[in-house]
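Please find the structures below.
Each of the next two complexes has chain A plus one other chain: chain B in the first, chain C in the second.
For the complex of A and B:
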């Protein structure tokens, strides 16, 4: 093994750790309760016997405080996160979560506010909602925003449901939604849940939408086109104005999947090129925690025409301050309890306000520059399926490494040994053996150089020693997992007796 | 090179068809299973369901992705391969045999003329590979 090639990472001792259930010892506790200073009463005098457990909480782990602290701390040392190093997971936009956002979200008035607090006593929280809606409307150029959806996919569902309501109120909900073949899988799912059939639009050779194919299938059965811009190949749809014109000319709506909005914020506004409705992923573009740290938020922005269909309640300004408006006869209704994931909304507003206009634009430009820097330095080593001008991410393929029997999965797993999180694999589906890299603006040039060096070194290893790649990772707590067995015969929960199986 | 049995018909979506009288057996090709990688789940329609040609009738999930499977011919499903529920690996191991997916009663036999021969399908694969 060629350990001297690996600069960023080294192996170090990690401790084995059992499950809390296995570490349990009868009678071990992490608390001591003061002596009782009131008369003792039997529990069945206070609560009806039928509501009491009679199993003495059998099976619950019994542990001391230090047992629990060490358990979770040890597990955390097995992990990799954006606080550990570069996390180039394409399309997921794993950018750093600035700590000031965490601090703001923990301000007592936000963190401990009950969602049913009457509006006059929750003016600060309502102002967060109102101001974030205004900021996102300004960023997208659209008229109004709902913050309720809890994720991008729920935002899509909300957006398509509004389109359906708007078309129904015109007299005909129509039948179809058009989706390019490079789309996120959630797009067709959202359309189908809203009662539409899906028709796929092929990509052109440069990876953008085929205008001729679009014109051919566009007619008055089409409710909407769902488009990601820049798309999942990292390409900006250069004909976006023409695309919107074609769809609008037959009375359809254009829905933009805003998953890649981090390539546009502060530089251009989707409303300018004709988008009618779009979602934003606050947990991507606006730096709120992502993955295990979630939850997400998928606000939806709409044109004035679609505004009446937004979910209620709406936060509105009155003479007595901010209040909630439930009287929205055309609304599609609530899509989420209360006000969405409020703590996430606070963090996103903090991100926007701490950056300001110039800062947001700079973040976008840096994200695009970083992706192009990686593409430029690796284009001689790895195939780029759709080369040409790129935005915030680059999609490589394993085409040149395949001749050594090495696949995208082997390259991704080997990157772990080099101290990097693996990129997105095998997506978008139109690229065979895809490796989708999105560095985001978080990374310094030094970290990008280490990544480029690691990718080049892995390419050398593919030729010299392919087995090292095929068995990677070698330095992690757990080696190559059997993903096939895990999917075919999943073990979804621990049972006392199924360990041996 | 993928295995492409001479006696079967094919589609550009990589399904194969074995026509016998007015019934047809359908599965995915060796090339398709190879591209998908290890299949972990196969979703098939119920017997009695009707589909038009070109409509998706089920999906194949591999460790890489979920792909739809399309009807090469319109008709009514008369049988489905229940063994794939517990043994999806049959699609990888024996795509033209034990990995078959559905059998259907052909609605319009003129649609058979629209299918590709083994030689035409192989040419199509070469074309795709050179792109």
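For the complex of A and C:
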């Protein structure tokens, strides 16, 4: 193993730490609350005994405050975050999470506000909702926005449900949704919840939608086309207007998956393409933290025609200020209790206002520049399955490295030793051995150069010493884990007897 | 733009290395007529101090100095300060879904701990890594019950949170599910005499404590459901109750969903929260959402991975058990830190304080002239009071006294216009409760 190749990272001692339940010691206390100030009565005086717990919460941890702090701090050091370094996960848009967003979301008037607070006492929160809806309408060019969906996938469900309602009100909900083979798996899964079957349409050789194939399958059974633009290969659908015309001429709707909207903000507005509905991922384009898997938020923007079908309640402006309108007879209903992931909305609004028009455009331009910079400097080393103009991400493959017996997983795992989080692997499905790289705008040139250098060095290693790649990573707390064993005999929780074994 | 590291010169140099002069050249793949020639319409950038001041002004327009007795699915509890310090570790909050386990052991281990804690509290066998919240969790549970039983009829108690029922309706309306609401008796709990479970019934769906705060007889409901081959789905909006109440698992529930907000998560006007989702081992393969499992690496060292993902959308696409991808990762961490900090004894103590304070308040209110507890079933920290006037008007009058008295039930149950849903947690001091009772007496 040639350590001198690795410039960005050095290995470092990390602490071992057991599970909370293993660290627990009877009698330890980590909390402090005021003493009970009303007369105390026995539980069974207030509630029949058969409704009361009899296991005394056996097994739950007992820890001091210091134990808890050490425990989770140690765990945190086993992670890699955007603040650690470049996190080039394609389609996930791992950009810097600004600290001002965290600060404003924690202001007491937002953080402690109960969702059923009467509207006159929640004007500031309703203003956040209203203002963010306006900003997202401006950014997409569409007529109206709902902020209720809790994540992108729920936004998809919301959008397709609106399309179904609109078609039903025209007399026929239709039967199926068309989805390109390059799409994210949530697209088909969301369409199915709305009662549709899914038909996959193949991509052309350049990775964009095949207009002929689309025209052939387009008929009066098709409710919608779900299209990601730019798609998961980082390609802009240059025939997007024609695509919308084909779908509309058969009475269908065009749903745009806005997961890659960070390539378009400030440069164009999707409404101009002719699309009918789209979702945005605030945790991608608008910088709210991914939090190790969430929370996100998946606002949905629609045309005037679909506006009546938006989830209720709607925030409306009246003479008495902002109020909630529940009288929405055509609405698809609620997709989530209350108003969605409000705290995420505050953060996204903070991001948008911080940038303003100029900053939003600069962010988009830089994200596209950074992706093209990486593609340009690695195209001689790694295969790009669908070459040509690129937007915000680039999909490499392991085609050239395969002859050394090395796969995309080996390359990705070796990148860990070089101090990078691996790219998205094995997606999109139409690229064998995919390595999908999205740098975002918040990486410096040095970080991009280090990544390019690491990828080149790994390519050299693939030829010289493939075993180093096959056994990577070598520097993490644990090495490659046995995922087959994990699935064959799942251990999904701690039990006291796990320990005894 | 301070979040973009490269200077204009550096960007020009990068462009030049691509053989380009102007950044616009990178966007030529977008047809010119689609490109913007003016600003997007947000306005000028706002500086850090100005933006903080603006948000502070907005936040000040929200009620902060009111004594609130609101519950109904979102609860005010003391939050240990260490939760915010720990979730602010950027290795946690700036990380992605733990797809690469070697660089995500911190996330994976806390999710495994979270799954264990959810199982311990609910008495269930397995729990997932979280769903968006309680309401969407309940919708997922209903869809799961449909898959497990291959039956389409659902009997849902009308005492399930009205907003949860609305979400269930949205999720099920296009999937052939038939939803029937089951009424309640004068005790405030489900009316067994109108609970007609038959061979088409996929599940009986109840909330406990229910929307009125009343504790349902889950064991009897489980027996009734199981006798007809149906499942019992239990929703819990106030999981702090599990500190004292018998777990739904031990009562025979098949799927348990809960809103985890009570475990250290700020009210934040309704979200982000954290949905808890648990079931029996035998239904594991039909479960939605991510799961973390224990395994070993090639040196035999213990580690954690995402597992059983063949249920999920990124593998199974249209055949997946759910469309969920992003969940509530960081908020599952908040709940985990809360439960670790409060621990076994803290959760019990908080639960007992809720129980005692709510009963103290209920006793005092029901002694007032014309006031009474509307329902007779046992309750945890929420209860419905009947008053000698419109509850909607009463809540308006209380606001004048800086008290948010609870939820006037009229908006969800039109014939309950004299009824107020009151929640009393450990955050309400005796004095605040006494002031509330006094204010009610003077209405």
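Here, the second predicted complex is superposed on the first by the 466 of 501 C-alpha atoms of A that agree within 3 Å, B and C clash if a C-alpha of one lies under 4 Å from a C-alpha of the other, contacts with A are read in each partner's own complex, and residues count from 1 in each chain.
Just so we're on the same page, a contact is a pair of C-beta atoms (placed from the backbone, for glycine too) under 8 Å apart; a residue touches a chain by one contact, two chains touch by 3 or more.
If you're wondering where the values come from, they're calculated on a predicted model, not measured in any experiment.
Once chain A of one complex is fitted onto chain A of the other, the partner contacts of A:483 extend to both chain B and chain C.
Of the two partners chain B and chain C, it is C that touches the larger number of chain A residues.
By the touch criterion defined above, A:493 reaches chain C but does not reach chain B. Of the two partner chains placed by the overlay, only chain C lies in contact with A:46; chain B stays clear of it. Applying the stated contact rule after C-alpha superposition, one finds that A:185 touches each of chain B and chain C. In the superposition on chain A, A:432 contacts chain B only, with no contact to chain C.
Overlaid on A, the two complexes show chain B and chain C touching the same residues of chain A, namely 185, 425, 427, 483, 487. Against chain A, the residues of chain B that register as touching in their complex are 35, 38, 40-41, 61, 63-67, 88-89.
The residues of chain A lying in touch with chain B in their complex are 185, 425-427, 429, 432, 483-484, 487-488.
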